[in-house]
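Mind looking over this structure? Questions follow.
Note that the chains are named A, B, C, D and E in the order they appear, and that numbering of residues resets to 1 at the start of each chain.
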Amino acid sequence: MIATLANPYRFMAVSRWLAPLCGLAAVVLIAWGLTLGLAVPPDYQQGETVKIMFVHVPAAWTAMFAYTGLGAASFSSLVFRHAVADAAARAAAPLGALFTLAALITGSLWGKPMWGAWWVWGDSRLVSVLVLFLLFVGYMTLRASIEDEAKGARAADILALVGLINLPVIKFSVDWWNTLHQGESIFRTGGPLIAPVYLNPLLLMGAGYSFAFLALWLTRTRAEIRLRRASVLAMRGVA
Amino acid sequence: MLALLMRREISIAWGRGGGPLLAVAFLIAAASLVPLSLGPAPGPLSAAAIGVTWVALVLATLLSLDRLFQHDLEDGCLDLLALGAPPLEAVCAVKCVASWLVNGAPLAVAAPAAAIALGAAPSSAIQIAVAALTGGIAFAFVGGAGAAIALVSRRGGVLMAVIVLPLLIPPVIFGGALMATGSAGASQALALLLAYALASVALAPFAMAAACRNALG
Amino acid sequence: MLALLMRREISIAWGRGGGPLLAVAFLIAAASLVPLSLGPAPGPLSAAAIGVTWVALVLATLLSLDRLFQHDLEDGCLDLLALGAPPLEAVCAVKCVASWLVNGAPLAVAAPAAAIALGAAPSSAIQIAVAALTGGIAFAFVGGAGAAIALVSRRGGVLMAVIVLPLLIPPVIFGGALMATGSAGASQALALLLAYALASVALAPFAMAAACRNALG
Amino acid sequence: MITALEVNDLAVARGGRRLFEKLAFRLDAGRMLAIAGPNGSGKTSLLRAIAGLLRPAAGTIVFEGAEDSGHARRTACHLLGHQEGLKGSRTAAEELAFQARWCGASPAAAELAASRLGLSRLMGLEVHRLSAGQKRRLALARLIAAKRPLWLLDEPLAPLDIAGRDLAAELMSEHLAGGGLILAATHDLLPLPADRLEL
Amino acid sequence: MITALEVNDLAVARGGRRLFEKLAFRLDAGRMLAIAGPNGSGKTSLLRAIAGLLRPAAGTIVFEGAEDSGHARRTACHLLGHQEGLKGSRTAAEELAFQARWCGASPAAAELAASRLGLSRLMGLEVHRLSAGQKRRLALARLIAAKRPLWLLDEPLAPLDIAGRDLAAELMSEHLAGGGLILAATHDLLPLPADRLEL
């Protein structure tokens, strides 16, 4: 898989049809999930606000998924020096930032009614997600502020790998450290805790978000690669 | 061999005057908070002491970061260090420890004194010292990683802010909780702070070395 | 001409990253004090904010001092500056102002924000900003004088501590009093702080220029 | 009144030790003086004393008929030292513009000088990326961008390539032809006719 | 196994631009190679690539029969660059002791080297007080204090006086006689027989 995609030409060939396919899947799944999600009965303690969950939780999941992708791409570009991997890493960052921001915003929108506060500095999950967002931003700034492309790329890869530590922190923060935030209720040993009525739309939305991310990621990566080809040709033209 | 390097780093940093300057200034500034005299209750003042300590630690670390690798890169010293027998990872770790000894440790010693001067209970003073020492190590190593990564850009400073700060947020918060003396979560916060410090000490050197090699090339 | 120098100094200091780093770090660190949650009363927290601001200002100044002249002396830049048409006094003053703009000003802007976040009254926030700005100038110039004088010694840092700190005590005290919002002596403290700042701005440049010439020779 | 530099039994001390004493010479407009001597003999110190950066232990330095503490000389000379005083984090263009204008040149003159020294292609690079010789050329550009009568050059040819040395020689001879003065400390022979002073 | 350095169609890139390509040469024990070329042609970059500090864009560098990513070379070479990496605030003695021992020499060897280069009288001074040539001598002292087979010298003679150049030549020839290798980037002729490589 990686080996296949590492070759730019094969990557372009595959992604040409893979990207739109993911886009289509995303549209279908999200539409389905929304129709189910908007129909759910109000929660006995959360009331209507429970519906925020269907936008919030998937956003959070996808944000972490995006950083995982960034980390993987950075690793293979740093170690195996795959051109595609570097382009993919660069393409993943802004998308990840976007989804993280979505998780933050929907989360604090939810937090006002549930906890009576938009933001709680003491809460490990909230903070670790904020860190995730800042890591994406930092990565983009680093990529933007570099004069020497090769060097800058490697430095950014290192940063991305360093930031990987944050993922388990986000995931397990709720268990390690007493927080206001919801504990694990879905991906936990012993099966989900929440009723199927809520679970199904949530999972549908999760899948939809993920496919949406994949579609955008592939597209941006393609654009990035095209850009580099252009610049290479330009250099040849000069020489 | 690394001991040599350590001695050299310390003497240079000391000559630049992080340490002594810092600790003394910190004590004076903290003591100057007394005239604020927020009523007889010791609570506020010692709380202020806690906050002051923590912020001082963060700033001291951040402000000494650009000296960590930048100079050595510019004056060719990093070349020499890279050409020695010890691995660059060890070199970077030593540099971080040295900068911690000069910038972080004096503060960690001065902090409890200031806190007590401001009416904190001796028990809390110990807690403050522990937190400051542990946090200092974490800051030094995480900051070092950021500094090394930022070497490739001429706008190093701004970049460092963006890179280092997110990584510093967790320890700052653990420390804040830990320093809230008597708070229930203190012991837990200490555990987290220690874990974070250990993790950074274990992982940062590799990031630093990789970033330095990249900057040298 | 001096505007050129100002722009250059700022771009270099900014690249080294005092300013941005500092202001943001300060805000985060200060905000992380909230979890300390010293009871519902805003008093303690805003007090903490005040103390934090002041200490941050002092440290930021002290830690950026060694960069003020040392580098320029080592890389031969100070020679060039001394051979220009403007008098060295003006050059030194510009350098101090630049370092204040990069290190002091961002803090002075961030401070009130943090204070309000910690529950201080807006009125006090203004007072904090004023004190931070005025104090920052005083620190920059007095500190600059110390840095210049310390150029002759290789143990610059320690020397600076001995030279600068005594000079910094008064403004720290005035500022502390001033920042004690609502305290009776506030206006008087402000007057004193202003007087001190003016005096340092007026006198320090001559000391700095003399010290620099001495170090060049 | 003609430009001339006159030094009378000059002595310069470093770290309490006198490097040389009773040094005397006269340099007229359009002439060049080559200062030779072993490492540590005080060439750089002498140049700094004449530039007005280092107070002599004894003796007088008369420039343009007036003897002064050095202010007149400070603003009338270009000192090209072992270090160029360029900041690695700024671009060549920024640094040259600053240095030249600081010495009284116009921005246009700076650009002209850069192209004269074959740096135009590099002006966008940060200084720390420049090679040793390129840095030196950048420093030389300052000399021709801002007109100053007295050039004090410390090993002006050091890291320059063959072409660069010819170019430097050309610039120096032009400066002399224009009635300028040059003091050059060097260990190898200069490509121009010059009086010699052994320290 | 004999010490030898072999470079096969090497290419080095800086800032995305290739400085040279298809560079190939072989250097055997006891031989010296002089690298010449205009400013910015890539001499320093080549030396750094061979030292293992700079990853080549293409080609291989084989040292002592083994090709590696550079670790072996890093610990087997002395790199004398444009900058000496000496800290101005420390004394010459401290700096030499550190640099030499960092490269594997004993303290005694460091002192011996210092006296060999005529620095004994100056070892107590801080480095920033040393003259350019004295700094250079201090840097050279490291080379003879710690024995390493491969010397990579960037304009080794630059700020040295006549005596210093003779001394440097002497040290180099001794190193060669001992079976060492020398790559020297320089703009002027070396005082020793050497193969020439034009960049």
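Throughout what follows, a contact is a pair of C-beta atoms (placed from the backbone, for glycine too) under 8 Å apart; a residue touches a chain by one contact, two chains touch by 3 or more.
Model, not experiment: these values are computed from the prediction.
K.L.:
Starting at subunit A, how many touch steps does it take at minimum to reach subunit B?
P.N.:
1
K.L.:
List the interface residue numbers of subunit D and of subunit E, divide the shared ones by all numbers used, and answer same when the ratio is over half, different when under half.
P.N.:
Same-residue interface.
K.L.:
Report the pair of chains linked by the most C-beta pairs in contact.
P.N.:
The chain pair with the largest number of C-beta contacts is B-C.
K.L.:
As a test of understanding: of all chains, whose mean C-alpha position lies farthest from that of subunit B?
P.N.:
That would be chain D.
K.L.:
Compute the distance, rounded to whole Å, between the mean C-alpha positions of subunit A and subunit D.
P.N.:
The computed centroid separation for subunit A versus subunit D comes out at 59 Å.
K.L.:
Rounded to the nearest whole Å, what is the centre-to-centre distance of subunit C and subunit E, using the mean of the C-alpha atoms as each centre?
P.N.:
Averaging C-alpha atoms per chain gives centres 44 Å apart.
K.L.:
Between subunit A and subunit E, what's the gap in Å when you average each chain's C-alpha atoms?
P.N.:
49
K.L.:
Mark out which residues of subunit C touch at least two other chains, giving numbers and ranges.
P.N.:
Answer for subunit C, listing residues that touch two or more other chains: 15-16, 32, 35, 37, 74, 154, 156.
K.L.:
Of all the residues in subunit D, which ones touch at least 2 other chains?
P.N.:
82, 89-90, 126
K.L.:
Among the residues of subunit A, which ones contact at least 2 other chains?
P.N.:
In subunit A, the residues touching two or more other chains are 121-122, 147-148.
K.L.:
Which stretch or stretches of subunit A touch subunit E in the complex?
P.N.:
Residue list for subunit A touching subunit E: 147-150, 235.
K.L.:
Under the touch definition given earlier, write down the residues of subunit E that touch subunit D in their complex.
P.N.:
Touching subunit D from subunit E are residues 14-15, 37-40, 44, 82, 122, 125, 129, 131-134, 136-137, 154-155, 158-165, 187-188.
K.L.:
Can you name the residues of subunit D that touch subunit C in the complex?
P.N.:
Residues of subunit D touching subunit C: 48, 51, 53-55, 74-75, 77-79, 81-87, 89-90, 94, 98-99, 101-104.
K.L.:
Taking the complex as given, what residues does subunit A use to touch subunit B?
P.N.:
Where subunit A meets subunit B, its residues are 78, 121-122, 124, 127-128, 130-131, 134-135, 137-138, 141-142, 145-148, 151-152, 154-155, 158-159, 161-163, 165, 169, 176-178.
K.L.:
Per the contact definition, I'd like the list of subunit B residues that touch subunit E in the complex.
P.N.:
1, 4-5, 8, 11-12, 15-16, 72, 74-85, 216-217
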